[in-house]
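In what comes next, subunit A is part of two complexes: it sits with subunit B in the first one and with subunit C in the second one.
And now, the complex of A and B:
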């Protein structure tokens, strides 16, 4: 019976063939390591966000008179509501960390180099869409912290002459953050960003499949290290099959991701809920400690220390452009970062600066 | 021009104009309509703001503060920080207006003393009619 059903499906869909070509016979480089799993972990993280987000949608009310109350009810009254909200909140932070680590790995391995420039850009855009998810979701509980953090961020475009005020009004749906802003952010969070994310992820995966997984730059013959000048698929015929070897590595890291998530939910449940995140929004009182989530703290601190608002915003935009278009700035053929002292120094400087700004912004 | 090229061109034109026809409605749909209800004036009793004190008000949806400055009289300024939109607070001790978000400091005229704000706080028109302060 099972065999007949399987044959029936095989004729029509070709699942066995698909699994064979894409999983069990799909080869990955021999020197691939555990750091290559962060992309898969981020994809699983997105799935968790979608499922927990759907659960929250059942009880959440996107209206300034009800949003705070409905989130409190999810946490306190709805059976297991706390679990799905905690998974969504922790997951949003962990997913950004997973994508950040994935990009860090790609950077250190030099895997953004020709012909993978567009794969890097797709990944960087995915990181920004994920941050946009975090930022738009931040307003939805309508707390003091979310209200004023949104006020600050939606004021950033006003630094741009001529069109800045108009852009800020479009973002907010008015002069201030109001119910119109909540509606806009809600629509953005649940109906615009998800298809945008899937579109970018599809583009990113298409490129990964088309060009093939890039091997690590360590311990390979010189021929392998030279960037390509014409298209050929990197199929790694001498590599290991994706399943079971690399799939096990992927699943191990998914387990680590889930373990971290549930560790935080169990032992540090308030790590992303400071005091102002438990007070309903008051449009006439700015709390003393307005600050965004950890992943925006460095940018926030940079805005704080640069005395000129326009200059502050321009520097942020320039840094964004350099990050996004990095493969076009770094045209050196050598992929191995251990053989590039200047790049190592630059990377360490940028990373340490980011960490310092983050902790400074937090204090 | 060949018939096939003409048809391609006509299709491209019709497709582009059909899409372009939606640009303005989408733009208008997303652009917020001009502010809500606006009142011409707001009155406050003079006795509500003793010398050296301040009163927070909302005038035409703008959070503002009326200050009774010793030796300088009354003034009304917007509380919306010109840096990134947080609301400034009156620091009675140091006679300054402070922004809690990015440490912008203004004097009681709304002028910048320190910090990142690019412009002074906008002043609101204020006059005194007997025992009443009229804003607007």
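And now, the complex of A and C:
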């Protein structure tokens, strides 16, 4: 039976051939390390978000009169509703962390260099879309925390003259955060961002497959460390097959990802649910402290400390543009960051600044 | 390419320095306004009562109110005294429903606008009858205070306060009758707070507790010890149901934690297993 089914599929799709070419004969560089697994972990993270999101979608009601209640019912009345919501909330934060770590390691290993500029841009846009997922999903429970955090973030475009108010109105569907905002954030979260994410992920994977995985610059001969000037697929014929060696590393990190997720759910179940997250949204009562999630805290703090809000927004956009187009700024041939003291200092400075701003924004 | 991107950035960033201080209304609108629309206290009552022109005793009223249970529950001056706090020119006119300081006889009706059940039981009590007959009986303010009103509790019944008018013996019997229910209310309040700390939406339990508490407090304003004793059992039963409800939620939280810990062990164990397999294969 199994053999007949396999044969049927083989004739039509060529499963064996697909597995052979993409898994068992697909070769990865010999000096590949555990940090190369973050991309796969992020992809599994996305799958978890989709599955848990579909479970939540069954009971969630995107209306200001029912949204809060429906989320509380998911937590208290729906069998295992709490588990899917906790996985979705923890997963949204862990996925951003996984993509962040993936980009960090790509940066440190110089793997964004020619001809992988577009791979980097695709990854940066994926990070941006994931943050947009987090931000749009944040409003959906319609709590005091989510309502006011959304009010804060959607007020940021108002600092831009002429078009700012228009942009804020488009985001909110009016002058204030209302039911119209909830409707469009919900639509954005469940029907616009997922295909956008898949499109970008497909583009990113296509480039990874087309160009081949970049080896680490550490411990390689000098000519290997230099970026290419013309196309040739990096097939790593002397490397290891993806399966089982690297697949095991991928699965190991996926299990670590899930273990971290359940560690948080077990021991820190309220880490992303402060007191205001269990109070229904009240447009007439501003909470004492309003702040966005951890991944937007540094940007939020930067906006707060720059007295001119327009300048603050422009600096944010400029920093985003630099981040997105970094491969075009850094055109040095040397990939090894250990041989580039200036880049090392710049990286450490930016990273420490980000950490300081994040904790400053939290206090 | 790098030059092009840098040029674009410079072209975008530089005008922002200029535009930042370009127009006065831009500066007013964006530079001084907070990111979040903070609620600004626009209250003519507080403005005048805080001013130097007011008599010192009256100046203390806003501060007393700010510390009160009413302030914590968003009950403001106009909720009791009427008037219009948004328009200083007519804030204290009768047309806007302003009621100044009520006389002793008027106090129960004044507070009873909101505390309806308590008003009814108070008026039927010895305290209420005495006030109506002589104008001297204890009214709400005598026991609870006025602007700095605090959350009522059993300690309000004490020898110092009750002894002003009559012997404490009768009041002490009443306090004893209330004690067990009050204690249970305290335990359930702690439970509800713990639920909130655990991230559980506890509005249903809070509402049930609030209703039972209000009903109970309404009852003892009759100052009728035998009635309080007679109905204590009802309240104890209601509170026991509520307490069990809270305990059930905590039991559910514990079982969730155990299930989640099991999944943690499962995935942690699989991680260890895969690591060992990987190491063996590598060797």
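Quick note on the criterion: the second predicted complex is superposed on the first by the 363 of 363 C-alpha atoms of A that agree within 3 Å, B and C clash if a C-alpha of one lies under 4 Å from a C-alpha of the other, contacts with A are read in each partner's own complex, and residues count from 1 in each chain.
Convention: a residue touches a chain if its C-beta (ideal position, glycine included) is under 8 Å from a C-beta of that chain, and two chains touch if they have at least 3 such contacts.
Please read all numbers here as calculations on a predicted model, not as lab measurements.
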Subunit C versus subunit B on the shared subunit A, clash or fit after superposition: clash
Touched subunit A residues, subunit B compared with subunit C: C
Touched partner set for A:173, first subunit B, second subunit C, both or neither: first
Which of subunit B and subunit C A:152 touches, first, second, both or neither: both
Which of subunit B and subunit C A:288 touches, first, second, both or neither: first
Contacts of A:236 with subunit B and subunit C, given as first, second, both or neither: neither
Partner chain(s) touched by A:27 [first = subunit B, second = subunit C, both, neither]: neither
Partner chain in contact with A:340 - subunit B first, subunit C second, else both or neither: neither
Contacts of A:322 with subunit B and subunit C, given as first, second, both or neither: second
Subunit B and subunit C footprints on subunit A, overlapping residues: 148, 151-152, 155-156, 158-159, 284-286, 290, 303-304, 307-310
Complex contacts: residues of subunit A adjacent to subunit C: 72, 75-76, 82-83, 86, 148, 151-152, 155-156, 158-159, 161, 244-245, 248-249, 251-252, 255-256, 258-259, 262-263, 265-266, 269-270, 273, 275, 277-278, 284-286, 290, 303-304, 307-311, 314-315, 317-318, 321-322, 325, 328-329, 331
Of subunit C, residues touching subunit A in the complex: 1-2, 5-6, 8-9, 12-13, 16-17, 19-22, 26, 30-31, 35-39, 196, 198-202, 249, 256-257, 259-261, 263-264, 267-268, 270-271, 274-275, 277-278, 281-282
Contact footprint of subunit A on subunit B as seen in their complex: 30-32, 35, 56, 58, 61-63, 83-87, 89, 99-103, 115-118
Subunit A residues within the subunit B interface of the complex: 148, 151-156, 158-159, 166, 169-170, 172-176, 180, 283-290, 303-304, 306-310, 312
